[in-house]
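Provided herewith is a single structure, encoded as structure tokens, for subsequent inquiry.
Labels for the chains are A, B, C and D, by order of writing; each one numbers its residues from 1.
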Amino acid sequence: MEAAATQCLFKPKDYASDQEVKWCPGCGDYAIINAVQKAFSELNLKKEKVAIISGIGCSSRFPYYMDTYGFHTIHGRPAAVATGVKLANPELSVWMISGDGDSLAIGGNHFIHAVRRNININLILFNNEIYGLTKGQYSPTSERGKITKSSPFGTVESPFSVGELVLGAQGQFYARVPDTDVKLMTQVIIEAEKHQGLSLVEVLQNCVIFNDKTHAEITNKENKANNQLILEHGKPMLFGENNNKGIRLNGLELEVVTIGENGITESDILVHDATTKSNVLHNMLIQMKLPEFPIAMGVIRNTEASVFDKEFTAQITNQQETSKLKSLDDLFLSGNTFTIKD
Amino acid sequence: MDKSKTILDSVVIKFAGDSGDGMQLAGTLFTDTTAVLGNAIATFPDFPSEIRAPQGTVAGVSGFQIHFGSSGVHSPGDAPDVLVAMNPAALKANLHNLKPACIILVDIDSFGKKDIEKAGFTDNPLTDNTLSDYKVIEGPITSLTKAALADLGLDNKSADRCKNMFTLGMVFWLFSEPLEQTIQFFEQKFKKNPVIGQANILALKSGYNYALTIEAVKTSFTILPAKKASGTYRNITGNQATAWGFMAAAKKAGKPLFLGSYPITPATDIMHELTKHKWAGAKVFQAEDEIAGICSAIGAAFAGNIAITTTSGPGMALKTEAIGLAIMTELPIVIVNVQRGGPSTGLPTKTEQSDLMQAVWGRNGESPIVVISASTPADCFDWAFEATRIALEHMTPVILLTESYLGNGAEPWKIKTLSDLPQIKPLTLDAFDADWKPYKRDEAKLARKWVAPGIEGLQHRIGGLEKDAQTGNVSHNPQNHGVMVDIRKEKVARVANFIPDQKYKGKDAKKLLVVGWGGQFGILFGAVNDLQKEGKYIAFTHFNYINPLPKNTAEIFAKFDKILVCELNSGQFANYLRATLPQFKYEQFNKVQGLPFKISELKNKFNELLEEK
Amino acid sequence: MDKSKTILDSVVIKFAGDSGDGMQLAGTLFTDTTAVLGNAIATFPDFPSEIRAPQGTVAGVSGFQIHFGSSGVHSPGDAPDVLVAMNPAALKANLHNLKPACIILVDIDSFGKKDIEKAGFTDNPLTDNTLSDYKVIEGPITSLTKAALADLGLDNKSADRCKNMFTLGMVFWLFSEPLEQTIQFFEQKFKKNPVIGQANILALKSGYNYALTIEAVKTSFTILPAKKASGTYRNITGNQATAWGFMAAAKKAGKPLFLGSYPITPATDIMHELTKHKWAGAKVFQAEDEIAGICSAIGAAFAGNIAITTTSGPGMALKTEAIGLAIMTELPIVIVNVQRGGPSTGLPTKTEQSDLMQAVWGRNGESPIVVISASTPADCFDWAFEATRIALEHMTPVILLTESYLGNGAEPWKIKTLSDLPQIKPLTLDAFDADWKPYKRDEAKLARKWVAPGIEGLQHRIGGLEKDAQTGNVSHNPQNHGVMVDIRKEKVARVANFIPDQKYKGKDAKKLLVVGWGGQFGILFGAVNDLQKEGKYIAFTHFNYINPLPKNTAEIFAKFDKILVCELNSGQFANYLRATLPQFKYEQFNKVQGLPFKISELKNKFNELLEEK
Amino acid sequence: MEAAATQCLFKPKDYASDQEVKWCPGCGDYAIINAVQKAFSELNLKKEKVAIISGIGCSSRFPYYMDTYGFHTIHGRPAAVATGVKLANPELSVWMISGDGDSLAIGGNHFIHAVRRNININLILFNNEIYGLTKGQYSPTSERGKITKSSPFGTVESPFSVGELVLGAQGQFYARVPDTDVKLMTQVIIEAEKHQGLSLVEVLQNCVIFNDKTHAEITNKENKANNQLILEHGKPMLFGENNNKGIRLNGLELEVVTIGENGITESDILVHDATTKSNVLHNMLIQMKLPEFPIAMGVIRNTEASVFDKEFTAQITNQQETSKLKSLDDLFLSGNTFTIKD
């Protein structure tokens, strides 16, 4: 139960509920909730206008810790529940919180359909490449060969690439961020809320207990300048300790070049356009892998397209305005009827 | 030429032909006309699960049976008085089940040698003695139809398609029924393609005239209108009535209606119907599967909409886990299962009542839920309305069981206006209230309040983990779990305090109580009625409220020597009663053939029990 | 220093601490040692559903209870004789349930002011009178552990982690048990990280010596070995025994073993166990969800493998539709449900028996299935074996119900060798046979033959639509459907002809029959046993075969005045019995708190019924 | 029941079962079954070594009509059942037959996981952009705005593009064929069987009853030369009535050019490489849409990658060879045991 909200702006901590946060000490989920609270505060979201829907998993305990409306549903189904929430009340700011198991194993179908429909929901995917809550089995994002409780001899499956799957399902917004960069996370989450349609934020999240340091090569302080390319719309794709490395297009392939070497200048470097309809370059950016490439971070794709809940509602409004039927009584009495008199 | 007329109480006609022969349309149009004439009617469409099953084979026969009359119409009838057989296969499929002296109308154009063989006859049934007990009307229907339409310049296929209307015209003549309404239908329907409309109308008229010309049977029949309560009626199928019941409930509750569903036979028509009515604000979401169907409904309920999901057996199975979530979060949703033949994919186009156990008990954990069922096509309206009322006023998911037999069947519905219907009072809280807690309950019903997102200060979280009996916060406390298990059970049990008493028919009959539930109402009623008229000591009670049972159920059962539970399964309601009211002994009569009961087989069973000492 | 020793029959110890305190490991190691000493044992791990629930809170307490002794060990025990409380929360969580004069071992280092408040005490329970009835052993365990390990150069956290072993050392001293086996465990486990191994061993020894030094309690205890059947034993959990039972069954049937599964608490360990044994040919497929888990198993069964799927409540719900397919296609698969607290996500780490109805009846259509249940951790081996035998020899899916309480609990298992086990004879057809038809059946069992793809000339098609009783081709024939519904039912019923008679204990007791099923066997047995020793007229029968029931069940029931069904749900087996054997009256004793029964509460109930007239 | 097969080669019709085919007259499914039988015959597949697994839908009745081992499972789940069949017996040639509803609506999750795992199954997707068996509701591949029984005012959803989804799920073999071209279908099906790993053949199939002529613009005799680009590995991407139109790469975009116009010669035209690891160009080919582009047909992607069932089996074999445990008795007696003597 909550005290009535006041008119003034909310501080990040105002979005915290009275429930004790129960993630393991050191879990990457803490950073994510911080970023979300910061973003909500910057967006000045009214708590009562927010509905946070999650599935089952460590990550999915998230709604309990937020002083908004929240629903901790069942494993794999938050996208379907969130779809119902949004269609029932399009005024709400609907957030879906989910794990790599929740959204990509059992929930894969609802996930790709929510993406395809481009319903206006913000989906934060906590990708720790493991099933945390069930104590450490491999997930559909675990790298091939990974040794876990359910793969004592290493997995023999190729993982999904979240971004590629999203784009393959006609996704219009995809961002990737490490849990170590709260600032970037906050920005990206703000962008996600602003985007109309399904906004997918993949967070590379660390599970200290069952998959510690999976993302370390990318996120480590020592490596991050060289191993992350932080994309900004309209900015050249530069990275590296001295910000002098960049991405260049060579035919149908990307390559890493260094400004000042071999006559390369900034004008050779690609400028990021998140808003272009074509997903060809977005896909290429998503596919960049260590060690040849840095990992692309930030908002990779952010395009406008028809928004499902908007059109769904508009069709109803349109019928309400144009139909000859105005009441159920009209309907019941339409067509062939017959009357029996006493 | 004048025809002598026989006035009959009621008649059963069956239209039978290939899947492509348009028998469902012919039957429906006949039903519409006869309904408008004020007859009591009951229909039973019966078709193969293939879209166009192989032409000319028995497996491909599509049938539409209609029983209509002035009285005694409680079911679509055991067997036809008039059979329309468009080809040998249609004849073959129905030969084993005809009333003595049945009239058989056949298209002799389709009785070629090959057709006869395909149907599995060795000889031509029209010329050997097969039909000697029946009155056969032979018409060269295909060729006459083509001839009649020759001037319209239609292609062969389109002309051929009109032979169902030629036939219908003949049937209309047989029963002295007017053509106007059917003509209007075609004028309306083919506004954009008037040639096709005209072709059908022409075929219809030609058939009528042909029957008149040949004086198809010595007498033709007239059925007087039924003595029905005064009022305005329309013909309605169970699925349509279900959809309309929900629309009415939403209006009377003052909340938007949401349907999340995935197509499945025979439930899909409820979705088809609702989606037409966006003008009334109906939000229809065709989900990617049944799980998304119910989960979107749960989300919509959480967000304050009246949320429904519709399906049939296998889809119901898939919704099992999510129903548990609705039970745990105590959200008001209605789950409609239009039952079909099982198990597994089973017999998708056939009727059965074999999902009762699944509805009552088929979930993990102690997960009590309200279960109700409809009993006639038209009363699907009322039970959809009542399901919604219970869900909203008791904050609980409700399962509504109908059947293929109801969903596809049709009967006249005495039209209700919105003002006839009671208000539904959802337990919403619409503004901040300092005393509110998410799982605080009202005393009478043990229901919690419905608080949709949007209200300042009432933010809260719900979920599938066990929750504290007051705050709704996650609780792993053992005692609290025990308390919550009991509350959920008692909340459902208390619905019995808010429903009418169970009734039974047959005051002085102490010997045998016939117990039914669901869509076999009309047939059971008819069978019992017949025996009551014969003065037998037999009574009848029919359940629509399954869980909880009406409070006076035991009281009624106690009055009788024998209790016979009749259902289209292997004894599920009987077993449920044994578990719920174990003090009584229950006899069973069951049929699991994908078909409704026959009045005759019921009467045999009843008589057997009545004669036993 | 010599210590005086008390010899005891049996003792209950509970290790309790924070989720991170390593209580499960301490408990398991204690169990292993005491098992090897030949004691009878029963264990009950009990932990929160969070991975690391908040430190220092009652919600975060993880417990491991073990009952061991020379006799009378039928359950993990109602309440501990010895409580190990690593912090105030662990004390708080267990205070309400201690034996009188219980020994409480606490780490005083963790009784700071903040810790005490976090646990919800207002004052320090060690210094107010809270514990005056108990014998408290206070040890500065954290600081002593650190001191003991000072020389190893470990970081603080790693040193801290060894305090569970310090504590375990103290407990070993209390019960005069040797350290060798635990030392070996650490040497083995930390081969690659010997410092950590040494640290644990050092902590263990230091704890032992510390207890000896302070003479922790005036007397220490000795438990004599149990009088068990001679043979070689090992300690085993129910989930491990289940996995091994399947491996043994596969060997004895001569077919490859396939598991399709999706992780879910508390069933996942069966998969973890099987996947280790690829050397034995076990094919373990971690599917994308539970539906794919069972569907892959159905595919594997079709292709001739012994196919299993494992899950718990919500996952079972998701498998509902596919179970129907296995019933329709009559393929041999085993579905294991390690039950947990429901409904919905419920209480994932707690035990319950509330999925019985779901197992027996929770599907669309008439879908009979064999249901059996295990009753102790070790006999999960036998019931997994038997489930497989029935599936293969009767060509039917089989549901095996176990419980969290069994799956995670452990007891000594008298090791079976493959030669001890009977052969399983799957109904395979391995070469062309002109007489064979896909749905032709043997007369005794009504089972069809198992024909896997690969055999020339036996190509055939199966599926979820109703099928012809001989050919298995799709059939929409109503009579055929009726026949098939009956055959499927009768096939399951006839399994009763191939299982042993039901037994009961308590020959001359006509007054009260206690009926149990599943994992509460030991506790029920213990409670009845106690009263029988007191000379009360009470008997006990425990069901492992649920559907069908053993043939002599009614015969046994008929011998008694009263039948009391005891189960961890609201009365599901009782309701099932009412439906199945309605001629008897069933009383109920139920508990739905996510916890096993207590012997004391059972005895109270039994006495109450015995005293009634 | 079947007569024992003889040693000689099978003719296409030998693969037909004794069951009457029950699709509607004129349904595109007939052409597909013909092509499959032809392909089986050319591949000389032994009937008893073939398992055909389907879900539910008109298309899924397919196995009944084939004299092989067959399993008509439940709606949406054939990929999961087929996975079990293949893992249980990797020797079998496993075929999955499914519809756009079966595989992309209810079965979407198993579909993307089967693709990701690259299990050696041939999946023929009958894409009629409609739910046939349930009499005409829109499917996840129905074009936006489509009027069907369940969308009387037109759909408000964007469809999946099958090929894009397959590639987004890490697919290694994707082919597209119209049901009107039995020859091409036959070739493609043969290629699918030869490919190791999941082979996806999307057939643009006509449902005469509920979605007649959906693909007509592509498949019509009059248009097909201009509206289809039939790809062959190693061949230039030429099409058109005079086979003089071609596809050229222009930066990151494709364009249609005409040989002989504006100085274009055959050397400007892209040569199809189905086997290249990079899916960038494959994706661009899949995305080509009318009227600007022809629709790409044939085997678009055909790459080698680890095959799930092979590695799954190899891991077991490896353990069997290397484990110290040799029998269950070894296992049961391993670790801590204790003996009670009489």
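We take it that a contact is a pair of C-beta atoms (placed from the backbone, for glycine too) under 8 Å apart; a residue touches a chain by one contact, two chains touch by 3 or more.
Every value quoted in this text rests on a predicted model; they were computed, and no experiment measured them.
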Chain whose average C-alpha position is farthest from chain D's own: C
Pair joined by the larger number of C-beta contacts - C-D, B-D: C-D
Geometric centre distance via CA averages, chain B-chain A, whole Å: 44
Centroid spacing, where centroids are CA-atom means, of chain B and chain D in whole angstrom: 39
Junction residues of chain B, two or more chains touched: 49, 59, 278, 288-289, 314, 321, 324-325, 329, 344-345, 463-465
In chain D, residues with contacts to at least two other chains: 56, 74, 106, 108-109, 113, 140, 153, 312, 315, 318-319
Chain C-touching residues of chain A, taken from the complex the two chains share: 20-25, 56, 58, 61, 74-76, 105-106, 108, 131-135, 137-138, 140, 149-153, 209
Complex contact set, residues of chain D against chain C: 1-5, 17, 19, 46-51, 53, 56, 63-64, 66-74, 77, 79-89, 91-92, 109-110, 113, 312, 315-316, 318-320, 322-323, 325-329, 331-333, 335-342
Touch list for chain A against partner chain D, complex: 106-109, 112-113, 116-118, 140, 144, 153-154, 156-161, 164-170, 249, 252-253, 278-281, 283-284, 305-306, 308, 311-312, 315, 318-319
Sites on chain C touched by chain A in the complex: 49-55, 57, 59-60, 262-265, 268, 271-272, 275-276, 278, 284, 286, 288-290, 314, 344-345
Chain B residues touching chain A - in the complex, by the definition given at the top: 32, 35-38, 181, 225, 228-235, 244, 247-248, 251, 256, 258, 260, 277-283, 285, 287-289, 291-292, 295-305, 307, 321-322, 324-325, 329, 412, 415-418, 432, 436-438, 452-465, 471, 473-474
